[in-house]
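Chain naming follows the written order as A, B, C and D, and within any one chain the residues start at number 1.
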Amino acid sequence: MSVADDALRRLLEEAETWEALSDLALEAHQVLVKEEEPPEIPGVTVDTQEQDGVTLSRVFIESEEGARRMGKLPGHYSTLEAPELRSRSVEAEEKVGQVLAQELQRFFQGLGVGSEDEALVVGLGNWNATPDSLGPKVVGRLTITRHLHRMVPPEKRGGMRPVAAIAPGVLGLTGIETSEVIQALVDRLNPKLVICIDALAARESRRLGITIQVADTGIHPGSGVGNRRRGITPQSLGIPVLAVGVPTVVRALTLVEDGLSQMGQPTGRVAERLLAPYLNSMIVTPREVDDLVESLANVVAGGLNVALHPALDMDEVLSYLS
Amino acid sequence: MSVADDALRRLLEEAETWEALSDLALEAHQVLVKEEEPPEIPGVTVDTQEQDGVTLSRVFIESEEGARRMGKLPGHYSTLEAPELRSRSVEAEEKVGQVLAQELQRFFQGLGVGSEDEALVVGLGNWNATPDSLGPKVVGRLTITRHLHRMVPPEKRGGMRPVAAIAPGVLGLTGIETSEVIQALVDRLNPKLVICIDALAARESRRLGITIQVADTGIHPGSGVGNRRRGITPQSLGIPVLAVGVPTVVRALTLVEDGLSQMGQPTGRVAERLLAPYLNSMIVTPREVDDLVESLANVVAGGLNVALHPALDMDEVLSYLS
Amino acid sequence: MSVADDALRRLLEEAETWEALSDLALEAHQVLVKEEEPPEIPGVTVDTQEQDGVTLSRVFIESEEGARRMGKLPGHYSTLEAPELRSRSVEAEEKVGQVLAQELQRFFQGLGVGSEDEALVVGLGNWNATPDSLGPKVVGRLTITRHLHRMVPPEKRGGMRPVAAIAPGVLGLTGIETSEVIQALVDRLNPKLVICIDALAARESRRLGITIQVADTGIHPGSGVGNRRRGITPQSLGIPVLAVGVPTVVRALTLVEDGLSQMGQPTGRVAERLLAPYLNSMIVTPREVDDLVESLANVVAGGLNVALHPALDMDEVLSYLS
Amino acid sequence: MSVADDALRRLLEEAETWEALSDLALEAHQVLVKEEEPPEIPGVTVDTQEQDGVTLSRVFIESEEGARRMGKLPGHYSTLEAPELRSRSVEAEEKVGQVLAQELQRFFQGLGVGSEDEALVVGLGNWNATPDSLGPKVVGRLTITRHLHRMVPPEKRGGMRPVAAIAPGVLGLTGIETSEVIQALVDRLNPKLVICIDALAARESRRLGITIQVADTGIHPGSGVGNRRRGITPQSLGIPVLAVGVPTVVRALTLVEDGLSQMGQPTGRVAERLLAPYLNSMIVTPREVDDLVESLANVVAGGLNVALHPALDMDEVLSYLS
């Protein structure tokens, strides 16, 4: 399915359920399936499997109706859930990083991105706001090769992919929409793939710290912990855009609505009207959100490094440069 | 009124309402007055006044019954509410710092602490957990004079109070209860006053970022954002202990209960049983909690510096040392 | 005088003395004048004045010969020296910030930059390397208005200049030359002025922490604490480029050479050959470099905010946005 | 050999060469041996061996004359030199951490410290000054067990050593001498061993980032990057005190003197008189000192965790606590 950017925007604006839902396609689906009859949503399929203690759910949204009802752009969303990450051990971080790397490579293949195609990784978010700092933290831990690539003799570059990365900051601190910075860099650098890393809001607090979503839809307006207005999408940039999203917060309003719902109360608009004025800017996070963001940044950066440079021997690269 | 430490502990354990209440005496009082009949609580008086745009409420708890019903130790609690702090301007920080300084000096006077009596300031909390890092941040901004005091000739020390400070860390990171570190230092340094700075949990999110509480009760178990088991109290240390507490979070459970209550639902135990398993470790904070903690640390450190060193000319002090 | 970018590059490569000199034009001049006979360098003039305890030296390089001998691009360099900054008091920071603001406005006028012309501020350097983190720190403290500008009715914008800012990171962390990021953003945003903020290396350690240089030459290769290869210059960008540089380190090699020189030994190439292998990556800084960078970032951000928004009433701006 | 604390102090004051030397016993020895005839220093022996790419040098100072000439307290100093640490790879960090753990356990055995004896680890230095922040950073990465120990049934504690840790800050920030804090805690907690972690100054910049010294002498006045006046020694505390020191800086003055010396110039007092006024507060570090301190903190914390808890299964411990 192919839809123009404007059409997508309209689609999402019509999605009444959006604010009440989640940045995670998987959660959006679970809510709908629970609430509606019949549970089947036309054009939406979900496939779940277990791998090494990690639950991997793939949601495919392939119709406009499905997109509207899910409040999500049409595309492919994979969600990893790894309760083991709660231990924050190096072992768990490495294991989940490996599963993430495999899923990323599956996306590369599906999108026709070759093993030496240049990639630009964008760390969205604000390094001064802990729950929103995941993107910049991941960028700081990547193996960056774009500037080394041209210094290595071509016959020695086997499997070396040029990778660049930037953490452009947020609109309130830069005055520039993130999408404008990315568009300007894509125009200049001509990468074959953009990967955006972003902190998300989940619906259920039990997901925080254990969940990673990869989507081939890019980033669309309204998503993410902060608000980044224009989309960073395959439609707007003209190349594949992967979004790696990690829930670090739950919106406070969502939490209260879910509390009401669990207590058997009617959810939704009423609560929102009553509570919104003072809850809108509030977020819910685990007490230890600083440690959690550090650990998740390790997982995502580790997964990206393996997926982007599967065959890289950095020592050998450096030996050509000294 | 004078009660032994153990009796106090029992008092608080009996206080059924504690978990449902707040670290702020003012909020505990407002909840009780709203919920109960007659509104009068014997042995508890509240006095509120306006000063320079800052609302200053003084709660006096002077009976065991009052303490039990409030879930707070008997003593004197002053709460400053300054909505202007939302602007995070230097002007607002300085103004509220001045009001805080005056109130601190009022406590000094009431406790018989003289203008040259040595003070030990303790920054409670964990510098690696943003909402709990207020105490250590304040300590880093204080004017420290204990080590300079002995180097200045006595006739030149007019108005120079020896001030020491420490941020001892939290039990999980040190293996030592904070109260043990303080007790050991008080035994060795013999200060005349201990001032503890701590991040608190409020009941209502609208208070976050604009509220400071000063109490002459010290810190009691269960208080604060993290959990510091043994008390740091006048009873245990044998000298006056002031607690300066600043709400930086709301417990997630409290938020849901309050949401239910605003929707006209029965609050309390039911919600707790249903929701506790996954909400207990969650906190609610403003998105911009990093900035908020920075700004509040400026206010508290500014207020302490003025209150502790009202006449200090630091340039003159340093001229004796070079 | 007008010279093409390539010619400039050649000019600097010919400047044999460069490595032995300094990022500061003022120091380069003092070294030459001390060493050479006659002291006069054709096409180079220096004007020094005192203002409010701040020494303001203006160096004008107006000939190719002057540029070659100074190892500096032709242009106008103003250097503020404020020993008072050693106190790191808010008062000193504000006073020097005011002097900086006036000098910046003098540059704006000289370059024909109007009071409502859009400016893009670039914080060069690496936020993970303390002495090189000045640029990103300044950017984080600026009053950013570009995104607000279009939301304010035109008749209310009197004196409101659109200001955007970015801290693009360093080549080793991004794989992208800083000059490429800036070029891409200038192409897209079309600002009327670029201001680069950078940490510099001085020749004499006594200058660290008290000196700020403003130059209308932009940033040229080899300058700065890290190495940012391509220039960010008026020639390459096609618009005025101001460089605000603040020395935070001395190169270790320079220090040894100066030590030798003060001991009456022949300086220069000999020492370099002997010592370079192990000294090249070493820097000399004050012990308290973390505090020093914080304080200087306050001064530079304060000066920029006043110079860029001389008439801004931020409260009024915000009243149009809520 | 046993010497009273005062005698030791006098010994060091007499050591004329001290300032010109280094915090590292190994360097002090190399300088003396190079400079003096005969190379033999009575009562000082040095033993060097290679292990897994790490050079391990053990210096034993066993006479008062040796102590005076070396400018070091009598005792046992082990120095690890691991050039591989320059790669800052996880593998190198882990390998050197293992060698450090073995050497620490050798010290434990020599001092009669049993495998379940309580240890107090002290992170000296200032977390706000990057090159001096190693101690606090190490403390933040230790496995802390003192508070868990009493909660585990005695028959399950096999191999579980109670470990506590604190980062007390520096005199200028606390007003309390570090030695006073440690003395107060030792009096209260009664540990069987104190381990101090500190950043040191080396003589040669090539040692920075690759060297770790362990000594059984504790910390003596004048040592370390900052200045911590009173000693933290076995003599003053009455229990074994290990000092783990890591050079992160070279004093700028030392660097110039060494430069002079390499150029064949007379070193020493002359240079000091000429250069001291402006060089005394300056330090020399690698550009990338922030990364270097992070990496060394990993090595030291890793080594300590293995040495202190050789048999600890943390998962099993935690299973008794939930």
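The criterion applied here is as follows: a residue touches a chain if its C-beta (ideal position, glycine included) is under 8 Å from a C-beta of that chain, and two chains touch if they have at least 3 such contacts.
Just so it is clear, the structure is predicted and the values come from calculations on it, not from any experiment.
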item	value
Fewest hops from subunit A to subunit D - one hop per pair of touching chains	2
Chain located farthest away, centre of subunit B as origin (C-alpha)	C
Equivalent interface positions on subunit A and subunit B, same or different at half	same
For subunit B placed onto subunit C, the superposition rotation in degrees, Cα atoms, nearest 5	180
Length of the line joining the C-alpha centres of subunit B and subunit C, rounded to whole Å	44
Computed distance of Cα centres, subunit D from subunit C, in Å	39
Centroid distance [mean C-alpha coordinates] between subunit D and subunit B, Å	38
Residue numbers of subunit D (touch at least two other chains)	128
For the subunit D and subunit C complex, residues of the former touching the latter	128-132, 204-206, 225-226, 250, 252, 255-256, 259-260, 262-263, 265, 270-271, 274-275, 278-279, 281-291
Interfacial residue positions of subunit D with respect to subunit B in the complex	127-128, 139-140, 144-148, 162-169, 171-177, 180-181, 183-185, 187-189
